[in-house]
Amino acid sequence: MDNTAPPEKDENADALVLSTDPLHPANHISDLCRRFYTLGWVTGTGGGVSIRHGDHIYLAPSGVQKEMMQPTDMFVMDYRTKKYIRQPAVLKPSACTPLFLAAYTHRNAGCCIHTHSQWAVLVTLLCESNLQSPTSTRHLFSIKEIEQIKGLSRGGTGSSEIAEGGRKLGNLGFFDTLRIPVIENTAHEEDLKDSLEAAMREWPEACAVLVRRHGVYVWGKDVVQAKTQAESLDYLFRLAVEMHGLGLKWV
Amino acid sequence: MDNTAPPEKDENADALVLSTDPLHPANHISDLCRRFYTLGWVTGTGGGVSIRHGDHIYLAPSGVQKEMMQPTDMFVMDYRTKKYIRQPAVLKPSACTPLFLAAYTHRNAGCCIHTHSQWAVLVTLLCESNLQSPTSTRHLFSIKEIEQIKGLSRGGTGSSEIAEGGRKLGNLGFFDTLRIPVIENTAHEEDLKDSLEAAMREWPEACAVLVRRHGVYVWGKDVVQAKTQAESLDYLFRLAVEMHGLGLKWV
Amino acid sequence: MDNTAPPEKDENADALVLSTDPLHPANHISDLCRRFYTLGWVTGTGGGVSIRHGDHIYLAPSGVQKEMMQPTDMFVMDYRTKKYIRQPAVLKPSACTPLFLAAYTHRNAGCCIHTHSQWAVLVTLLCESNLQSPTSTRHLFSIKEIEQIKGLSRGGTGSSEIAEGGRKLGNLGFFDTLRIPVIENTAHEEDLKDSLEAAMREWPEACAVLVRRHGVYVWGKDVVQAKTQAESLDYLFRLAVEMHGLGLKWV
Amino acid sequence: MDNTAPPEKDENADALVLSTDPLHPANHISDLCRRFYTLGWVTGTGGGVSIRHGDHIYLAPSGVQKEMMQPTDMFVMDYRTKKYIRQPAVLKPSACTPLFLAAYTHRNAGCCIHTHSQWAVLVTLLCESNLQSPTSTRHLFSIKEIEQIKGLSRGGTGSSEIAEGGRKLGNLGFFDTLRIPVIENTAHEEDLKDSLEAAMREWPEACAVLVRRHGVYVWGKDVVQAKTQAESLDYLFRLAVEMHGLGLKWV
């Protein structure tokens, strides 16, 4: 990724984030961050959100209190050139950026959400310890026969309406097994890119990637699908942790 | 159910959902959905709410973010003909519809609430594993001698005031046992109809039906009774899960 | 208690609950009920709040959604005659009334709060099972050496400032043991009166009474003391439940 | 500490707390207290917050409901003379004051937060019982390889940007071990000063001090760093408690 373009502060760059439309990406990300803070997903400046708007990638900055986010805090990247076309002067771009781009490139996503949810972290720890049934490996979280699984699409951006050819493209069914790959964490977040992309290729039906001892990346074809899938996954992660505590198997 | 009537978009149909009264069913359902989202009952577009208003059945649509619901998102069905008299063009009717109708038909309910509460799901899993006392079967959740049980009426629509003939119609007492049947989940939500109706017939005093690995259906004679009974049940489901974790018996 | 006075609906009675002062008892109770709902203390119309204002006792009604409470929903009783001087026509007085009066009579309280907090209920269940150390009996919840205990006053209405004669009147210290009696629940809430009063006499330093499988009654010399003590107790009840789950002793 | 200066009530003293700027310390502390109440950090008047503004130390008072705090409730101390230059007539200064001053003196902090978070208390209880691995002693909470650790700076006021000489000054990395000393509680909060200062000297990289059976003191170079570190620590304390409950080691 080539980010050598100097930060721009001209009026054109600010026009990218100024809008009275609450669903404009710069406003939408600020609103989502406030909501996600109350869910415990982005505490202590953790986590992040990005929206693709045509060829413009909107990105919440690094190290900012998510519940205080303002539209003018947003970075904007040109998706074709991978250069920032708006960089707030005093802020740092998110280390999640290459991971969000992976969702846009490999899944044709329109939005990507990264949370530090404790339920996601605990699920990766339980997988690591292989404390669930022998069919679960340390690199895969699997759960089935829970109604909420039906809120998740194959590949993360699948439509629940369309099935092309012989390949299922819609949402998972109640009797399907949800499988989310778990990759190992690295010292620097941007170094997760290769293993995250490998996991996306190996598990084409996965709608998310868990990062051990870290959190989860979830995407969708648009904000609504990314957000509701992030909610459904977090519901399932918490349920799995509670089930484990009660001595119940996930699969 | 015959839903062959084409979606109506005329002014008469919109008049069914436009009102300045916050307790009008279209406004009321939107408000309830926002409240239930904060309780974790309808995360990720899960769950649903319906109100009967004379011969009009108001229904929240399928697949919409519940905390964002607008009155104009509502479906309205004629209870006598079972035909939709208002269908938002871009939305799908809820798969819960036949189940809500069962509460109106078999219990004379005025409101029905469906949640994906994790406490409801965990209770069905504990019943499935028969991890509580041998008197609990896998098809029944039973708990007794908890004050909150007194918030629940016999049959779900019983008045706490009236007792007709020899049959008790009021709320349960502290020494009564609350019994909620648990039915098995199906691949498609509408296929729950027969077993839900059978459970309602078999357990005439039940104020709700649990669906294994899915959630719960709760009703009441009006919105207030349905909502407060849903709250009391969720309180009891959570308490039962916590009790199990602490090694305490429910009955 | 003689409640034979007919409900009054004249202007004088309404004047008892109409005020622009947010700290007027009728407004204050409504505000507290909304706050307590978010804490899970009064879910499903459970629990209650009362304030003594000179010789007027203000009482939230029975069976009303607490988060929706309005000042005009309040009952007002004359403390000297124990007759209602305001009764909303369509509402029922709270069955907690004789228990609130006990706090006014025996502790000179200015406010009394009754919650159905699940942490309170679970603590009474753990005491019942005698699952903590042998020094804890089934009729007493005891915990010590937790800083939050310092938020509780001896007897519930003790001042943290004053010590008269040889008797300690102030708040508990860190090395003091907090003791809250646990009474058995009854079929009808008003029948708790005798055992609650007996517990208050037997444990003059207790600032609250737990009711097995039901909840807790907490009082204070005024609203602030009653509310902050209810918060400190609920903190300790939850902590005790979590400690038990982690294998830690309370005393 | 010499607090013999009489309370001042003149206009100059009130000018210290009256501002239309939401980030003025008197307004900022009120806002933070409201936020922390919803996180369960300052329930029942527990906990406290202080901000250093040049030579003026702003301090929330003792015994006030934190979610109700008003700017005019604030105490202001001159950092050079350690005398109060504003004391609200009817309020008591916080017993946390000497502990907040320790953070300003020994860490050059700009803000210090004290919470009674139950997760902090439970972590100290688990350390006391030495229930985690033998490498954890009862006087130290240690955890590693959790992404959220990266939200914490060395010493609590370290910049994530700068590294001077051979000493690391930035934030902890994913493979670093977070170590927070645990000191024993005392009957009177102000008596914690000596052991808290000793712990700060013994553990120069610690960004906080846990107090057994009491809570935690967290600081930062400014409000944002103190608040986000308090959030990251609380996340880790809760995660550690959940891990322990699931049979997982912290280190």
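Order of writing sets the chain letters: A, B, C and D. Residues in each chain are counted from 1.
Everything below uses one rule, namely that contacts are C-beta pairs under 8 Å (C-beta built on N, C-alpha and C of every residue); 3 or more make two chains touch, one makes a residue touch a chain.
Note that the structure is predicted; figures quoted are calculated from it, not measured.
Chemist: Moving step by step between touching chains, how few steps can get you from chain B to chain D?
Modeler: 2
Chemist: Please compute the angle of the rotation superposing chain B on chain C (C-alpha atoms), rounded to a multiple of 5 degrees.
Modeler: My answer is 90 degrees for the C-alpha fit.
Chemist: Which chain's mean C-alpha position is the greatest distance from chain A's?
Modeler: Between chain A and the rest, the longest centre separation is with C.
Chemist: Distance from the CA centroid of chain A to that of chain D, rounded to the nearest Å?
Modeler: Averaging C-alpha atoms per chain gives centres 32 Å apart.
Chemist: How many angstrom between the C-alpha centroids of chain C and chain A?
Modeler: 45
Chemist: Could you pull out the residues of chain D that touch at least 2 other chains?
Modeler: 245, in rising order.
Chemist: May I ask you to sort the chain touch graph into line, ring, star, complete or other?
Modeler: Shape = ring; chains linked end to end, path closes on itself.
Chemist: What chain pairs are in touch here?
Modeler: A-B, A-D, B-C, C-D
Chemist: Which bits of chain D are touching chain C when the two form their complex?
Modeler: Spelled out, the residues of chain D in touch with chain C are 40, 43-46, 63, 65, 116, 118, 121-122, 125-126, 129, 131, 185-187, 211, 213-215, 241, 244-245.
Chemist: For chain C, which residues count as touching chain D in their complex?
Modeler: 145-148, 151, 160, 173-175, 224, 227-229, 231-232, 234-235, 238-239, 242-243, 245-248
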